[in-house]
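Please find the structures below.
The two complexes that follow have subunit A in common; it is paired with subunit B in the first and with subunit C in the second.
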Partner chain A sequence: MAIFGELLLYVALISIAGTAVASVVGAIHRSERWVESARYGTYAVFGILTCASMALMQLFVAEDYAVKYVHHYSDRSMPLFYKITAFWGGQDGSLLFWVWVLSSWAAMAVHQNRQRNRAILPYTISALMVVCGFFVVTMIFAANPFETYLGTAPTDGRGLNPLLQNPYMVIHPPTLYLGYIGWTIPYCFAIGALAHGRLDYEWIGAMRRWCLVAWILLTVGLILGGLWAYEELGWGGYWAWDPVENAAFMPWLTGTAFIHSIQVQERRQMYKSWNLLLIILTFLLTMLGTMMTRSGVVQSVHAFAQSNIGSWFGWFIGGALVISFGLLLWRLPQLRPGNQLESVLSREFAFLANNWILLAAAFFVTFATLFPSLFKFVSGQTVNVGPSFYNIWMVPIGLVLLFLTGVGPLLSWRKSTGRSILQQFAMPSALGLVTGGILFALNFRDAWALTSLSLSAFVFATIGQEFWRGAQHRMRKSEESAALAVVTLMQRAKRRYGGYVVHFGLAMMFVGFAGNAFKAEQDVQLSAGETHDIRGYTLRFDKLRFADDGQKNMVTAEITVLRRGGDDVLAKMTPAKWFYRKPEDQVTTEVDKLSSLQEDLYLVLGGFDGQEQSVALQVKVNPLVNYVWLGTAFMMLGFGIAVWPDRRQATARVSVGQRLRPAAALASLILGVLSSLWAFGVG
Partner chain B sequence: MTGMKAIVSGLVIAGAAVYLLADTLFATDALTYFHPVDEVLAEPTDFVDRRIRIGGHVVPGSIAQRPGTLDYHFRVRPIPEMAKRPEMVGHTMPVMFSGIVPDTFEDDAEVIVTGRLTANGTFEGQELVAKCPSKYEADAKNAGTY
Partner chain C sequence: MVGAWQLVLGMAVIAAITARAMGGPAALFFILCGGGALLALASLSRAVAVLWDPAVASARPESPREKLEHERELAVRGLKELEADAAAGKVDPKDLPYLQRSQEAEALDLIRRLRHDELLWRQHARNDARRSLGWDAHESVFTAQRCDEECRMMEGDMFCRCCGQERASS
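Entry: the complex of A and B
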């Protein structure tokens, strides 16, 4: 089976090369037949890589510990579910997962655009194949997941890190990867457009939805990572400016800039070269991030260990950089804007400001993340850049961004008149100021948090006002009820109102971020029966409990939470430590928290003494933290509204059904190959 | 040529930004230098009262906790294979730390402590990171935890 998997990698490489050649020939000779065969080649690459991925999963399920990768990341005692997800638990497998996802995205995008954008499609396919080919080559020569032991095979595996054996880790990496890799598709279309010279809105129009999908997946992936750190790692927080987090955050910033500025190109035929620059940067940053997490270039709590694939990525990124910017420079004379900026008080300028801010943030995070590596290279000294440096810069940058979130949608295209500005901004500004005033009167004195909360109120008000005015208008015009008016409003202009809901979620997240200014944190040592006060709570440590479930030893502290200065019991809390048998001596911290919309009481069992019956506890109160997760939910909701298909499109899709036949045929072919593979492996 | 102009102005702006950022970075507490403990032991006066990160191994049997508190006292010795001042191997440095220690903090563990060296030669730690003595070396290549 392992040999079969390795063979599939070579087959994939050959078909990638074949597809790339076919698409290049098709592009040069403008030959439909060559382009068609390249299109089917893209599907074939996806099919082959699907088989290779299934082969690796099968090796995990079949407990074939002769395969090094399987031996390192699983063992017999693991549940089937985690055996399968161990597929992306380590470096080599995650590369296979990566290229598999990319090939599926590529097949979908090419299929979707087989009628439209025919001119740029062959160039796009070759770009896609180059990226796929790079990953397959890297795997074959530097990180082969199918590599086997030469001598006798071990009888059991080493087991997967228990931190990875939880539901967040099952969905967090794939979500992040899907989003991360999703940006490759619009990038390759941009390269196609640049190579062919067809540089108007067409390619962006085709990619708009893709970008939104990649964006939301990346957003949710990032937040899930934060949730994992908060609930499983026991960080007590959700974001630590760790290089791996930054690696995913950097393309998020440029990608967010891109999905805003393409609207200006759509409406006003401006910022054409800027948009190309942004998508190129976004792609390069995803590759840089992948390299950073895998090569040991940066030190991080959750980077993959040191390996030699860094130089492969380095050359690839360098090449992509030169080619992309070379193409952009070559086409620059053709990228004249269709319009000029008419006023600073226009939506296009607000978008430009938003872009500058996001780009500045991306630049800053990249600089701070790479600084230790660069500094070591230059001076030989090892340094560390702490979170305080990030906060100095990113807090004000974030607040300006929040402000623009409120301002942008209220300005009109081209030019806003003084009267419309007064009309639009009077109520929200007043509400923001009043919120700030009330909080100040209530003794909130942290300037950044006050600004953040006031600006959030401002943004909420702008969004509320938009919904209110739109609904009022409909209610007057068609005598609808208020609720129905809001629904029709969203149906009529999905992108606009979906966008508002996303902004609402963002402002809500900033409410959660502001809570950081008011958190309390204490480390305490308690003996049985002793109490400790924090904010409105009194904690009483009752006793330690020991248990063993065969897979691990569990030590649990039983703690009673009382209202401070009263006798009523609020909750029983049980922070714990689990000592796993495999991998040897792995310990996980099982956090316990008492959640409310106002705050979380968060307990970590730091240490214990069974004989003395004493515990070391990390006690935290995190105000407003749950608004971060709630805000994310609103972002997902807004995304759903924005991309919900129009009824007209939905019916059109049914008639396209016939054209889907080749795809259906291909899918059944793949299924057939897979099931035979399965039978082969099991039998 | 507009392309050239765009590139040159972009590079100038990026250069200025890097200078500004680096300047503020060196001015803040956020930048901490890492030094193997042997380097600090060799020239202690150079390091007194500067916020640094030191790295070394925990001397077996040196960990002591004041009863009923989270105050720890232990000693750190240089890692022979990584020492920049090999003549200091065999010397040790006393470290104080208050707070919850990681699970991996034990005899022979590799530790990185962030803090300040006091004039009397004791290192006052504010943050403590520890790696298990045995496991990580054997597992170094495959310790992926993503």
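Entry: the complex of A and C
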């Protein structure tokens, strides 16, 4: 199976090269036949890489430890679920996963555009194949997941890092990868547009949804990473400006700027070169982030081991940088704006300001992340850039962005007058100021937290006002009820109102960030029966429990949580420590928390004495933390509204029969397999 | 479709045998691997065959229609947004007529250009049909741009149903 997998990598490389050649010939000779050939070639590449990926998963399930990658990242005691997900748990497999997903997205994007954007399609396919080709070449020559041991094969594997054996860690990396990879599609369309010279809005129309999908996946991936850190690492926080976190955050910042900025190009034919610059930067930052986590350039708790693929990425990024900016400079004379900025009091300018700040933030994070490595390279000395340094700059930047989130929707396109601004800003500003005043009166004294909560109130008010005014207009015009008017509004202008829901989610996340200023943290030693008070809770340590599930030893502290000053039992909590057999001496901290919208009671078992029946606990109360996760849910909802297809368009594009055909094929496949399995008595 | 059914059935049988021999997950991977292999083989054979396929035009015709349709969609959306902004009090009532007029003019121009493109396409199709039937294709592409007599308009029509000219100009 390993030989089969390796062979497939070579076959994929040949197919990629063939597809790239066909698309280039099609582009040069404007030949429909060669472009069609390249289109089918893209599907073939996806098919071949699907076979290779399935082969690697089968190697994990079959426990073939002759394969180095399988040996390094799994062992016999691991549950099947984690064996399958170990596919992307290490470097070599994650590269295969990456190129497999990229090929699937490339096939989907090409299929989607088979009748449209025919002029730029061959150039886009060429760019996609170059990226796919880079990953396959890297795997074949530097990080082959199918490489086998020359001598006797080991009988068991080393096992996956226990920190990664967590449900969040199963979803987090692929979601993040999907977000990273997603930006490749719009980048390749941009390269296609630059190469062909059709630079209006065709390429933006072709990849607008892909951008939104990439953006939401990257957002969810980042938040899932935060959730994993919060629940698994046991330090009570979710964001520590770790280089690997930053690696994913950098393209998120430029990507966010891009999805705002393309609206101005669509609406006002402005910022054409700026948009191209942003998408090029976003793609390059995804590649830089990938390089940073894989090359050993930066030190992080969850970077992959140091390897030689950093130089491969370095060359690729350098090449992509030269070609992309070369094309951009070549086409610069054709990228003149269709309109001029008429006023600074306009939505166009608000978007531009938002772009500048996001770009400045991206440069700051990139520089600060790379600074220790650059400093060590230059001076040979080690220097650390800690969270406090990032927070000095990023907290005010974040708050300015939050402010602009509220301001943007209140301004109109082209220009707003003083009167309309006064009318639009009066209520939200008043609500923001009143919120700040009330919190100050309630003795909230942290300036950043106070500003964050006031600005969040301002944003909530702007969004509420937008919905209310829109609904009022519909109620007057169509005599609809308020609820129906809101629903109709969202149906008629999905992008606008979906965007507002995303902004609502973002403001909610800032409420959660503000909670950091009010957290309580204590280290306590408790013997059996002893109690400890913190905020509104009384903790009583009952006993220690020891267990073994074959894979690990588990030590669990049983804690009863009571309401302070009363006998009401709120919960039984069980923070634990797990001692894994493989890899040897690996210990994980299993946090337990009592969650409510108001706060989390967060318990970490720091140490224990089995004979004395005593424990050392880290007790934390994290106010408002759940608003961060809730805000993400609203962002996902808003994204869903924004990309939901228009009913008329969907009906026009495909008939009911056509729409049902893939579902019928899938259903028949599942039915066929299940019935056969049943017939053969396999279950 | 019959081929697809046979394929599904065949794969299911082989998957069941694999599942019996190697377990359920192996069967699942086999199915997905088989699906990938079939897709790859079918796509590769089509990628080669299409180079000699006479049904696929060797040269790519350029059409401005797609671009015009996209621009029209944006212009109409712009009008709707302007209306929503005006209703929310974001646009100065003094500026509104000017903004509305320029936006409407842009949308109308695009509709007119689209209509013209469609007429040209129809005329080409008619000429092709005449030519293939052996009739005289003496009618020029551009002769049908205006009605010889009065345009055929119905109530509510903005454009002539025959030649596509705007009501006011015909």
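Quick notes on this structure:
One rule holds for everything that comes next: the second predicted complex is superposed on the first by the 652 of 683 C-alpha atoms of A that agree within 3 Å, B and C clash if a C-alpha of one lies under 4 Å from a C-alpha of the other, contacts with A are read in each partner's own complex, and residues count from 1 in each chain.
Just so it is clear, contacts are C-beta pairs under 8 Å (C-beta built on N, C-alpha and C of every residue); 3 or more make two chains touch, one makes a residue touch a chain.
Please read all numbers here as calculations on a predicted model, not as lab measurements.
Looking at the shared chain after the overlay, A:Gly607 reaches subunit B, while subunit C stays out of its contact range. When subunit A is checked against subunit B and against subunit C, the one touching more of its residues turns out to be C.
By the touch criterion stated above, A:Gln423 is placed in contact with subunit C alone, subunit B being left untouched. Look at A:Trp34: by the touch rule set out above, it reaches subunit C but stays clear of subunit B. When the two structures are aligned on the shared chain, A:Phe363 is found in touch with subunit B, with no touch to subunit C. When the shared chain is aligned, subunit B comes close enough to touch A:Leu332, but subunit C does not. In the superposed pair of complexes, A:Ala44 makes contact with subunit C only, with no contact to subunit B. When the two complexes are superposed on chain A, none of the residues of subunit A touches both subunit B and subunit C. Only residues 4-5, 8-9, 11-13, 15-17, 19-20, 22-27, 29-33, 35-41, 43-44, 46-48, 50-51, 53, 56-60, 62, 66-67, 70-71, 74, 78, 80-82, 84-85, 87-92, 95, 99 of subunit C touch subunit A when the two sit together in their complex. Listed in rising order, the residues of subunit A touching subunit C in the complex are 15, 18-19, 22, 30-51, 54-55, 57-58, 61-62, 80, 84, 116-119, 200-202, 205, 266-267, 410-417, 419-420, 423-424, 466, 469-470, 473, 492-493, 496, 665, 668-669, 672-673, 675-677, 679-683. In the complex of the two chains, the subunit A residues touching subunit B come out as 72-73, 89-91, 94, 158, 161, 163-164, 173, 244, 293, 301-307, 329, 332-333, 360, 363-364, 367-368, 371, 381-390, 392-393, 523-525, 527, 577, 583-585, 587, 589, 604, 606-607, 614, 616-618.
Residue ranges of subunit B in contact with subunit A, taken from their complex: 2-3, 6-7, 14, 17-18, 21-22, 24-25, 28-34, 53, 68-70, 98-101, 103-104, 114, 132, 135, 139-146.
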